[in-house]
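Chain lettering (A, B, C, D, E and F) follows the sequence in which the chains are written, and residue indices restart at 1 in each chain.
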Amino acid sequence: MLSLSELVRLALQEDVGPGDVTTLATVASDARGRARLYSKQDLVVAGQAAAGEVFRQLDATYTPAVADGAYVASGTDLGHAEGSLAALITAERCALNFLMRLCGIATHVRSCVEGIDGITVLDTRKTTPLHRTLEKHAVRCGGASSHRFGLFDGILIKDNHIVAAGGIATAVARARRHAHALLRVEVEVESLDELREALEAGADVILLDNMDDATLREAVSITAGRARLEASGNMTAERIRRLVGIGVDQVSMGGLIHQARWADVSMRVLER
Amino acid sequence: MLSLSELVRLALQEDVGPGDVTTLATVASDARGRARLYSKQDLVVAGQAAAGEVFRQLDATYTPAVADGAYVASGTDLGHAEGSLAALITAERCALNFLMRLCGIATHVRSCVEGIDGITVLDTRKTTPLHRTLEKHAVRCGGASSHRFGLFDGILIKDNHIVAAGGIATAVARARRHAHALLRVEVEVESLDELREALEAGADVILLDNMDDATLREAVSITAGRARLEASGNMTAERIRRLVGIGVDQVSMGGLIHQARWADVSMRVLER
Amino acid sequence: MLSLSELVRLALQEDVGPGDVTTLATVASDARGRARLYSKQDLVVAGQAAAGEVFRQLDATYTPAVADGAYVASGTDLGHAEGSLAALITAERCALNFLMRLCGIATHVRSCVEGIDGITVLDTRKTTPLHRTLEKHAVRCGGASSHRFGLFDGILIKDNHIVAAGGIATAVARARRHAHALLRVEVEVESLDELREALEAGADVILLDNMDDATLREAVSITAGRARLEASGNMTAERIRRLVGIGVDQVSMGGLIHQARWADVSMRVLER
Amino acid sequence: MLSLSELVRLALQEDVGPGDVTTLATVASDARGRARLYSKQDLVVAGQAAAGEVFRQLDATYTPAVADGAYVASGTDLGHAEGSLAALITAERCALNFLMRLCGIATHVRSCVEGIDGITVLDTRKTTPLHRTLEKHAVRCGGASSHRFGLFDGILIKDNHIVAAGGIATAVARARRHAHALLRVEVEVESLDELREALEAGADVILLDNMDDATLREAVSITAGRARLEASGNMTAERIRRLVGIGVDQVSMGGLIHQARWADVSMRVLER
Amino acid sequence: MLSLSELVRLALQEDVGPGDVTTLATVASDARGRARLYSKQDLVVAGQAAAGEVFRQLDATYTPAVADGAYVASGTDLGHAEGSLAALITAERCALNFLMRLCGIATHVRSCVEGIDGITVLDTRKTTPLHRTLEKHAVRCGGASSHRFGLFDGILIKDNHIVAAGGIATAVARARRHAHALLRVEVEVESLDELREALEAGADVILLDNMDDATLREAVSITAGRARLEASGNMTAERIRRLVGIGVDQVSMGGLIHQARWADVSMRVLER
Amino acid sequence: MLSLSELVRLALQEDVGPGDVTTLATVASDARGRARLYSKQDLVVAGQAAAGEVFRQLDATYTPAVADGAYVASGTDLGHAEGSLAALITAERCALNFLMRLCGIATHVRSCVEGIDGITVLDTRKTTPLHRTLEKHAVRCGGASSHRFGLFDGILIKDNHIVAAGGIATAVARARRHAHALLRVEVEVESLDELREALEAGADVILLDNMDDATLREAVSITAGRARLEASGNMTAERIRRLVGIGVDQVSMGGLIHQARWADVSMRVLER
């Protein structure tokens, strides 16, 4: 797993390569500068650490003005950078690329979960390769929660695992035997029959895939508290609100991340 | 710069970590499988090489059924994977994360540039860190073109460079002196006065930032072919269509990438 | 996390550096050879993949003669290598260093858990840095099981976490809130009072640290099946046998790995 | 070759992965702490630099209380760490894994060589992959000496080299010609005849493999100071003592490292 | 692309490997020292940053006494290092290897371009692998200029590209279409006919390969300012002087780098 | 230490970066080609493995026509490459940069040592950072021999070590104690008095630094075979010839490498 500093190092390498020719040519190497990063729309802040690391790797400093998770109005200062003027100009795009993406996700998540109470909204593994840690962090900034990180820290038995194992009961039993005792077993089911099999097999969590509200209601009643229930498939903010009353424990929603667009953030060099 | 194989290696490491516990537990290690990746919406294909590399690194094969750049209807096979069943299941999410993002960008780009003729539509450096090569490729799949890759293969003198150099003339002169002769000099201007200065300084390309149609029209007339003109700022598909008649040579539009959402692509294991 | 091939690459680099001067000087570069790796004591086999990778990286082949997990008598062939004679000689020590360590652990584990039934014996995070995947695999080859892999795939609340959180109840509640739902919560307790607190807090697994048999017996009775119980601290093969009757579910034992010595394995070049 | 900082970085990555979920959940991120690392048995200290590096990489400090090589009683403070409480708790296992292994080796070495005078006791290349620098350092802490580091900084002609070269004389001659003049040539022999051949060939050092005391005595007499003599094979502390009188110059003993068990070292968080 | 710090880290690893045995044995680890690096011939300084990084990575400091680009007499101090005496001695060779190479190139370049006015002298891509950034910097220190950095930041259509594309016109057209607008198109021609084709195709820069003075003169006249002209092939300082009058804009010359020998620089430890 | 494949990977990354824009634009991706690499001067071949690896990494093949070490006339084929036409063109410069440098060194070495008999001519540690393995190989191709590789595989006590240790006797004694027994001890001396001290201290090899022929002659007589003698300092081919008669055993000469210029090698694409 890339650490944040490795990720940022590679990002700068990608953008700067053998050198920022424009800045090297036009900006005196001993000029100093200050810059202000600010929102150009209402947004939830996320990604301050990544932005800061970009400036730090170019020997500049970055001081956040608001913390990740804050919801700020358009025109709010997000942070201030200080260092060589050339470094600030070279860093700008890379720092903004992190901030705009992550604020965009956090802001989109907020719009999905705002005012929802009584149900946990989770992200999925549908994340941008190499950005999962950051994106899952942005999801939490926006007010939703994390599902498992990857394939290694949680058991989720899906369709293909069930067919390969020859049935839900065998799949669950194999998972219990193979995995260490601190991992719960979740099973994805597509029908109420499969739900009953999963409950009988002793699944700890059951993912109800693509069921309508009526079926979900029946699933809650069949389960009767014997397992934690997760709904998934084409979730929207409106539908999540409806599900609260039905009694599902949690919903997962890849769109928290993959339907987000970048938020609008700018940097302005203040003085020289 | 990460090669595709390094990028995919890190992506798999991120998702699989010390092991896909579910699959290791439930799928026999000697079972073989085949899988079909297919579109669940109309989309422009992009990212076949990345998807293929994911399977390859898990010792499976991936054979694209359509080439990058093709526009296909919902339900079309994008490719077929073959290998150990466990490998296919472990690879699924990572391969789809690449494909869904890149098809999403290509499809969004198509919706922006479809039917536009007589003006070049360009991406910008607003790209996801570490994914620039892939995202710029997706932009071309969707029918738009590439601006410079990074800070090293093109000169673009912006506001801050001009202030640091003490004026447009000095900035252009310094850039000419510093950079090698195969790089053109582009200058970003915010007014017609600045445009005149840039023309006088001998800029090869001029970026007209955030000007309305009337101003752009005047800019074209002032320039009279002495430089290539690029319009930028809040571009939309509709506005681009209008700009064709005005005579601007090219427009750049970060939103080609940062306003795209993922396309819907699925994988189905066919048989075992 | 290092992959096996990266680990082996670094291991060869460590041993061979800029070149095996003895072999380069004395062995003709076009000579071919075969070699036999064999046990010089009764042992449980572990590490065949690592040994094979060493030969593979020097463009030789390695064919295991017995699988990991087999218990073999002294003098048994473990595998056969074939390739350039120089490669076999250069690879020998590195391949044996992996095999001897891992067979040593597997064999020691077997001596600890042989004939034990009705209780799960687990390893811990007391492993050689960068060798955890291999060592935990060797533990399973020897007949014991794996606890969580690292700090990221299981929750184990210890003494210091409890003090920091201000009590068992708060610590468990925070863990439930912070972690995703597929991770169980284990709490380490040092007294029966703490056990009661942990049960009340809803811990899924409870680690009973350094308790004598009488106290463990009482712990089982207090718990009455409300949580899974793990005993730990100065475990020996004999004591584990006693614990079966007491009703503890699992024991963990760092000594499975850190009290193991290398097993005796040799390589003999067969012919040229 | 991995530097210490790279080794520790990988070790932390292995243990912490995407995050220490327990500590993140239960320990306030602004809490500070101090910790004491101390021996729980009499031991020779080794590994302070590695332990220190673990804390340093988590932005904590570590101040050794005794130097590597010191022999300390059970209950002695080995060092003190200070930093964020969460960092100390996350670092604990990784720091101890280095310390316990290396103190274990140093302590075992001391038990092998204590009181021995008049003969040099050497380690071998039987070391844990990627830990050779640290383990050879621990051997010196325990009072024994280092043989060559790897295949690149010393010539040791063994059985297979001799067969490949077609005899001891040719092998030695080839080694002299190929290697630079600052490397001595050592030859491993299994009989007194081979010893005579090696002496005639002008070997600088001769390794007498698996000979009994009587044969070793005869070897010393045949050699008559013409080469440095090294005994090897099933060495024990008792036997080394006997060899002093026989007149062998040095013994090598893989068991210095591979028969060592971990020493018992603990960390206690002192206050918060 | 390797950063300077990565390049130096690898360089030290290459030279020091598992340890500088001589210095570790003979120099007290707590001794401090100062050292003076000085020229032993008249030379142009280049490489101060690389030399400084070598000392920095061994926790010593290096203060340049003259800047890169200065022309200094034999016996001039280039810089002063200070730190642990052992570090200075270990660093010496590696620091000098960078300095001597780069000063050698800068000094050789000066001898080629001194007193030349009215024509730009350029390096080529004939550089030592992994040292291109440093070598091109040394070229500029010596008074010449940089051609494109690599294959990615400039278009140069050569013989093989022309044949592959089916002619100069197609090749230029394809390059214009494929590349972004900030890259100029240079075409290499071997005859005046090809020159005419290239001009017609609209090449921005034309490389006149291996032409004699008379042909170059004719080329200038044919071109009549329609493209920038570059001469190349067997350039020497004397010939470049002749070309100024002919009216070629620039010459490129691989020998700036590949015909340079190392300059003579020494380090003397001053006191302890 | 970088392996050859890592070195070449980085070299290609340096040259190709995000893509060979000219070749991508002008050469059809499915065109195949063959190419011939040939000498344009008489030269000693060196570097075939590096050239081959460049082509291999671009999925082309390279078949050497002559082996490293061969002395060939101008116009001789060195090898043939085959693969995608685009790959051959992209690989050309990088492959030639390796070959031209290494053939240049080997050819220069030959001119220094040709016809010399009775004295060993050695390289030094004055090598291009990260190219030491290749350059020392080229030295052997040219007919000279290798001194120690780096600071880790040989002991060479110089001026500064002697001052730091407080004299030659102490320095030698410390080196003997610290280093393993397979490393000889070489001492650099600047006067006959120091030579006598070094002999008395038992140095195995003595480096006579910057002595004139008369002094060297006296040194040989004083030494009387008690140590191996190496002359160094401003060596030229002519002087080496003189030294044969004087009785010095070896000379070392940094100029074998740092006074070499690149040899002239070209690649021609044969057909398509």
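One rule holds for everything that comes next: contacts are C-beta pairs under 8 Å (C-beta built on N, C-alpha and C of every residue); 3 or more make two chains touch, one makes a residue touch a chain.
Predicted, not measured: the structure shown is a model, and the values here were computed from it.
Note: the chain lying farthest from chain B is D, by mean C-alpha position.
Residue contact pairs shared with A-C exceed half only for one pair among B-C, B-E or A-D, and that pair is B-E. Distance from the centre of chain C peaks at E, each centre being the average of the chain's Cα atoms.
Over half of the residue numbers found at the chain A and chain B interface occur in both copies, marking it as a same-residue contact. Put simply, the C-alpha centre of chain D and that of chain F have 34 angstrom between them. Rounded to whole angstrom units, the spacing between the C-alpha centres of chain B and chain F is 46.
For the pair chain B and chain D, the distance between mean C-alpha positions equals 53 Å.
Counting partner chains per residue, chain F has residues 1, 13, 17-18, 132, 149-150, 152-156, 183 touching two or more of them.
Residues 1, 3, 133, 149-150, 152-153 of chain E are the ones touching chain A in the complex. Interface residues of chain F facing chain D in the complex, by the touch rule stated above, are 1, 120, 122, 145-149, 152-156, 180-184, 186, 204-205, 228, 230, 250. The part of chain E that touches chain F in the complex is made up of residues 1-2, 7-8, 10-11, 13-28, 31, 85-86, 89-90, 93-94, 96-98, 100-101, 104, 125-132, 149-158, 160-165, 170-171, 174-175, 177-179, 183, 258-262, 269, 272.
Of all residues in chain A, those touching chain E in their complex are 13, 17-18.
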